[in-house]
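Take a look at the structures listed below.
Shared between the two complexes below is chain A, which has chain B as its partner in the first and chain C in the second.
Entry: the complex of A and B
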């Protein structure tokens, strides 16, 4: 396995892991009970995707999915800064949801065409579930755009998260994300410097502390 | 009691079931709303003690299982509030009464969760205690409530398996992990003994009178003890009640009388985490109030 292949698998797995963790922050406190259930489901799917990707990498690295998910140092994670941000208020949650799912769709389309059959296979499998996340995100964009207050809040959130969203994708895929986002919002988005993968927000280390606290409380290799 | 009400009472007491559109005495309807609403509130408030641990689950499998379990509880709240809605009280009114402290929720959800051991004890034993009560509701005289209880009991039985698995991993792990479970059990035993309520005779319990419940409080507690005390002891855990033993001749469990005054205080908002939980729910509801406003404006 090439270094690039491991890098690619871990980047996407880390994105899915952290977004899954962030989405699960809504469990129990979303604006509607229906959204609690929806975001919990989406979180479970994302974490399931992370696990599938970690397993591919772990087989080559001689480790396990859990060790990759939990036992690296915060600075070793490759996730995009967009998914590191802690639970955002609802308009930003929806903006991140739509931006990430759209970026992910563009990324998965490229991966499905990969000549690496394992990567193409797992990308196709993930995309089948992501299709439902996209429907959910689109429904919320429609809802927010339908009123003046919702539109204003969504636009503000989109502008704030836009540089982060660009950072999810490599250079060559960014123009497609811009095209789709501008079409959906019916306006031009600012020409900004992307906040790329490799940047570590303070929130990443904070979340890492929390997500590994129980695990670190027993010696490495303990069963939980 | 008028003749029609008397006839209704005899009908439910002989095992008859009632549908939403059927005539029912006002007293029956109000008892139903009170009972079922508290159940819905409990499912929803029950999310909070566990949700703190969603971010701290120590493996991917535990993370998935815990998120799924808590999602189930929210789903139960959603189903149960629908039943209440059909009886005339809208979901928003239930939530208003919950956050204002007017409506009650179950005693066990007024306590803090301190360690990962609590996560196992809650999923295993609190859910086991709950399923004893909920199985008895399968025979509830109000048919729509009895029907949703099938799905709820089925899901709760998975939670118990998940909880037992979390506990098993820890009691067979390091000494520290074993002690986390023992310490959690020590703290949760009193709330568990309170769970089914004071031993009021079934005939004096209005919820039993109308056959909303099909068993008395003590009967439920005995069933819980019968099912779980042997399992807890089998794992080498010690139950913090020296008087706890089964009188084999009479076939009943004997135990130290719980402090019923304390139970009353806890469920009326004076538990160790009651006010903090309600404040958190109020705050999170205020944070997202605009979303409801926007969605409703659009629907209008």
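Entry: the complex of A and C
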């Protein structure tokens, strides 16, 4: 039971940490200032959620949130391949943003109903902040769907990322993601094999190198 | 011997690290104070989870409790019990005076983008409600950016959580 609980906490924390890093890649170079601010702020929230989840796992494992976030080997991370991808292209960024936030909403709804009060509590708190991410993602889907070019580029990005999006969720939650995505896009999405958690894309190792560079350059216990 | 009253008084002196116009007590992040001999246990409810001020708040609370002769034990409560509804009326007024529009009450149902775009949010400078949403996000996780058509100034709106 405890093993499952740690697996669950680390899976979600790793998703939020990696997505936070990926979102932060827009800091300073987003297409315009408002999106620079938005993606930077979303990144900060996601990394805050990761920290809280790592702290819950760390309390059970007798370690610290930082050690869990930065001292594991790349192959030990449990994040979904969707958040590993480096996608600095706007339609793909928005497609991933909407797919992840929607999958996350479905997952959080299940966790809020958990009979583990700590998990239910932290899920409820995270969900309050995620509501702003979802509004932002929905606003961008509306914008892209409003023009021919936007719609075409969004649809192409959605098709590319769809098997990755399914991989964020456990089997039983996937039909709900399909239902919402199809309704939002007004079309059918392909019946594909999900790219599940546990698969490590080449981009994960690159991000890991960057993410842990400072940590690895300083001896453990350094004070800043 | 330190009393609950001494502790609340000491905590009320701690400014929010990012908006020093209001205190941690105004902000409503201290859920409870309990005393057991010299030990003072605080239940602390974080605001936004990615807020870098959270660590500073804990350091300041520990120092304030030590100044009144207690040993601090800060218990971080990671659940949904903090809301912007917990900011005190005095705290809301201090926010407004400092140029931050205080948060709207937490809605019973879902937060709604249409409401954020059209709602009657009041400009903290001129009081006009002819304002529009510029960005859901702002300089810190707790704020959005709005623009006032009345005095033609952007302002920071506290997000509702």
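The working rule: the second predicted complex is superposed on the first by the 221 of 224 C-alpha atoms of A that agree within 3 Å, B and C clash if a C-alpha of one lies under 4 Å from a C-alpha of the other, contacts with A are read in each partner's own complex, and residues count from 1 in each chain.
Everything below uses one rule, namely that a residue touches a chain if its C-beta (ideal position, glycine included) is under 8 Å from a C-beta of that chain, and two chains touch if they have at least 3 such contacts.
Treat the numbers as computed from the prediction; the structure is a model and nothing was measured.
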Partner chain in contact with A:37 - chain B first, chain C second, else both or neither: both
Touched partner set for A:126, first chain B, second chain C, both or neither: second
Touched partner set for A:56, first chain B, second chain C, both or neither: second
Which of chain B and chain C A:48 touches, first, second, both or neither: both
Superposition-derived comparison: chain B or chain C, residues of chain A touched: B
Chain B versus chain C as contact partner of A:135, first or second or both or neither: second
Residues of chain A at both interfaces, chain B in one complex, chain C in the other: 34, 37, 40-41, 44, 47-48, 51
Partner chain B, residues of chain A touching it in the complex: 20-21, 24-25, 27-34, 36-37, 40-41, 43-44, 47-48, 50-51, 54, 65-66, 69-70, 89-90, 143-144, 146-147, 149-150, 153, 207, 210-215, 217-219, 222-224
List of chain C residues in touch with chain A within their complex: 48-51, 76-80, 82-83, 110-111, 113, 116, 134-141, 145, 159, 161
Contact set on chain B toward chain A in their complex: 44, 47-48, 51, 53-60, 62-64, 67-68, 70-71, 74-75, 77-78, 81, 91, 116, 166, 169-170, 172-174, 176-177, 280-281, 284, 287-288, 290-295, 297-298
Chain A - residues contacting chain C, complex: 34, 37-38, 40-42, 44-49, 51-52, 55-56, 118, 121-122, 124-126, 128-129, 131-132, 135-136, 138-139
